[in-house]
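Multiple structures are listed underneath, in structure tokens.
There are two complexes below, and they share chain A, which is joined by chain B in the first and by chain C in the second.
So, the complex of A and B:
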């Protein structure tokens, strides 16, 4: 790049940073970026490599992820019309089991990390809801569109849904769970969910 | 090609037939129907004594892609008013559209499940071992080149569907992509149009075109070998075959089958582990795949 252009860019970025500090534009994006960077740092950390460090690696990733996800919100949306029929204990039990299932799914995905690049393509904020759009570039040159849906809770933006190429995780589980509950019963469904989580 | 034509006619016939039976079934479960402002709705008695109110929007002018077979926002009503209040309080702040119960009809679930299991076995017993062996003996870059080559050949499908959908810029970039990739890109083995000129591949097919025109997906079909599809997807797939250059040169079905088979192995070798991941994360892999297919296609139509 031409040298004079470089200074233009530096000036531009300085301005951009000055403007953005008071407004803190892109809070949801920052939230997603922070967690993503943290996870990539963990899985690429050479001191954590190897199968004997797998447990430690998992623990760190789990910690980083659970900070950012709103489990209750996800559970509520996933059970949808079955949610309000549940007692408090049932709700707590479901949140716990579902959380573990999601965690495992996420950990499996992260374990397969092989230098994919993450690009932040913009965000939309509507009141306390936000969408962060991300493109993941794989080693084979394919681009995967990922969308994080976040909700503001206090000062934090917490993720309640992730969609990959338009396939929403919450919608997918909602349809699966609903089909089981409708065909048998909630009790049967919980039994299945428990078995699934324990098997992993 | 006569066989394709027959499949095409056959699917069109079935499209009409499926839609008719589905509507008949839908009307049968409605205990009360009502008409309201361009749409219609019906009440279904739910197991818990509550009523499920399904409102189907028939107002075509709104988005242009509503039709009888499309998703219906479901709202919930409860006999007990106190519970309803709690419910409203809980759900009132959810952005519009996100609590939609969106799914594809699946009246042939038992048959589809049989084919799902068949495909599952085909994958683990044949396709996966072959693809894994192929992956071992060929470098990644080679397989990416093969993928690019096949993808370049299928340009007519994407270009024509861009035109049919009124995406003229997309059509232009597909033309340029063909020109650049077939020459500089060494017969399409490379993709300099993407890497150097930032001309993105336009992932359009006839199924998406039909969806954009307002045709619903019909019902879900899990084809043996071909996998998840819908009535609309199948009609689209058959329609696109006429734009496949393989249909223009005179090759017999056997040759076509070998070429497609090789392409399938090559594609699989680049995406090993994806199906396994979906299966591992799912409580009911069949429903997970059905829903993922549906959501993925609906999203494609929107873009």
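So, the complex of A and C:
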């Protein structure tokens, strides 16, 4: 009688441990890891190599990135106090232009991937906000500290800011855009942003 | 009668001198005597870079408050700042520690956010940026290139 109970308990504990192991790494880290692995798989995929496949490769990377990034949240945080004064159309236009600007600036860097290793150093979750700390080891042996800041949206954790070596992307653009808007006007700023995006 | 006047004058002069001294002590020492009319907010930085109690807190280059406390919390720097009530900080504001000039003193810069919700007294600025360690950047650059060749 006693022995059979013991086996039932052993069974339950084994089940409990098996279920809890995958959950231990934490949801935000898992989300970032999934996207990172996906992008690395795309840029190292031998069937997508060569300049003629560049457009296809870029499209796939762009898709993977936009699944993980919350573009509206990023745009809102970047425009900061100027965001509230915008109309719905202006907001949509800005989200689009800003997304293109980021793509142009960072997609080429992803293309230059040469076997950098990614280490997940830990995460902090506070309510609906989370931070995932990552170290990237370059081919030359330098470590780059990257922090992904995420916000929970429904079931997903989406990135709204990335800080590299302590320098925040949103803060960088927030300061730049703010100084342009304050010096001239929002219209002028959009004109400049459009020119920059269309130049490439 | 005459002697009394002289003593009175000296006494008044002395008191005036002491008041001036007290005023200067409070002003220069940046002490707060009559309680704070403002409120406090906090921010956690991965490094404070030598930020001190009394360092200034600026928005758009304008000094709005002061650093009240810098303590170690889970191997990070928790900075408490006091701000006047009329200065509202949005929840998505970003706090960064900066240096005046290349090797000057450290201060906290807050770049205001765009949310409608403001931080309550005692609230925490979530997004922070530690000071840039120039030494570390240079060493990274040097070692990066040396082992490359």
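Note that in this section the second predicted complex is superposed on the first by the 177 of 200 C-alpha atoms of A that agree within 3 Å, B and C clash if a C-alpha of one lies under 4 Å from a C-alpha of the other, contacts with A are read in each partner's own complex, and residues count from 1 in each chain.
Going forward, a contact is a pair of C-beta atoms (placed from the backbone, for glycine too) under 8 Å apart; a residue touches a chain by one contact, two chains touch by 3 or more.
Please read these numbers as outputs of a predicted model, since none were measured by experiment.
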Superposed partners chain B and chain C on chain A - clash or fit: clash
Which superposed partner A:57 touches (first chain B, second chain C, both, neither): neither
Partner chain in contact with A:129 - chain B first, chain C second, else both or neither: both
Chain B versus chain C as contact partner of A:141, first or second or both or neither: both
First (chain B), second (chain C), both or neither touched by A:100: neither
Partner chain(s) touched by A:79 [first = chain B, second = chain C, both, neither]: second
Chain B versus chain C as contact partner of A:71, first or second or both or neither: neither
First (chain B), second (chain C), both or neither touched by A:168: both
Residue contacts on chain A - larger count, chain B or chain C: B
Segment of chain B intruding into chain C (one of 59-67, 113-121 or 149-157): 59-67
Residues of chain A at both interfaces, chain B in one complex, chain C in the other: 76-77, 80-81, 83-84, 126, 129, 140-141, 149, 161, 163, 165-168, 171, 174-175
Residue ranges of chain A in contact with chain C within the complex: 76-77, 79-84, 126, 129, 138, 140-142, 149, 161, 163, 165-168, 170-171, 174-175, 178
Residue numbers on chain C that touch chain A, as the complex places them: 46-47, 90, 92, 94, 96, 111-116, 126-127, 129-132, 137, 140, 143-145, 147-148
Chain A-touching residues of chain B, taken from the complex the two chains share: 47-48, 52, 76, 83, 86-87, 90, 93-95, 98-99, 101-103, 140, 144, 191, 194-195, 270, 273, 277, 280-284, 287-288, 290-292, 295-296, 298-300, 302
Interface residues, chain A side, partner chain B - complex: 76-77, 80-81, 83-85, 101, 104-105, 108-109, 112, 126, 128-129, 139-141, 149, 161, 163, 165-168, 171-177, 179-180, 182, 192-193, 196
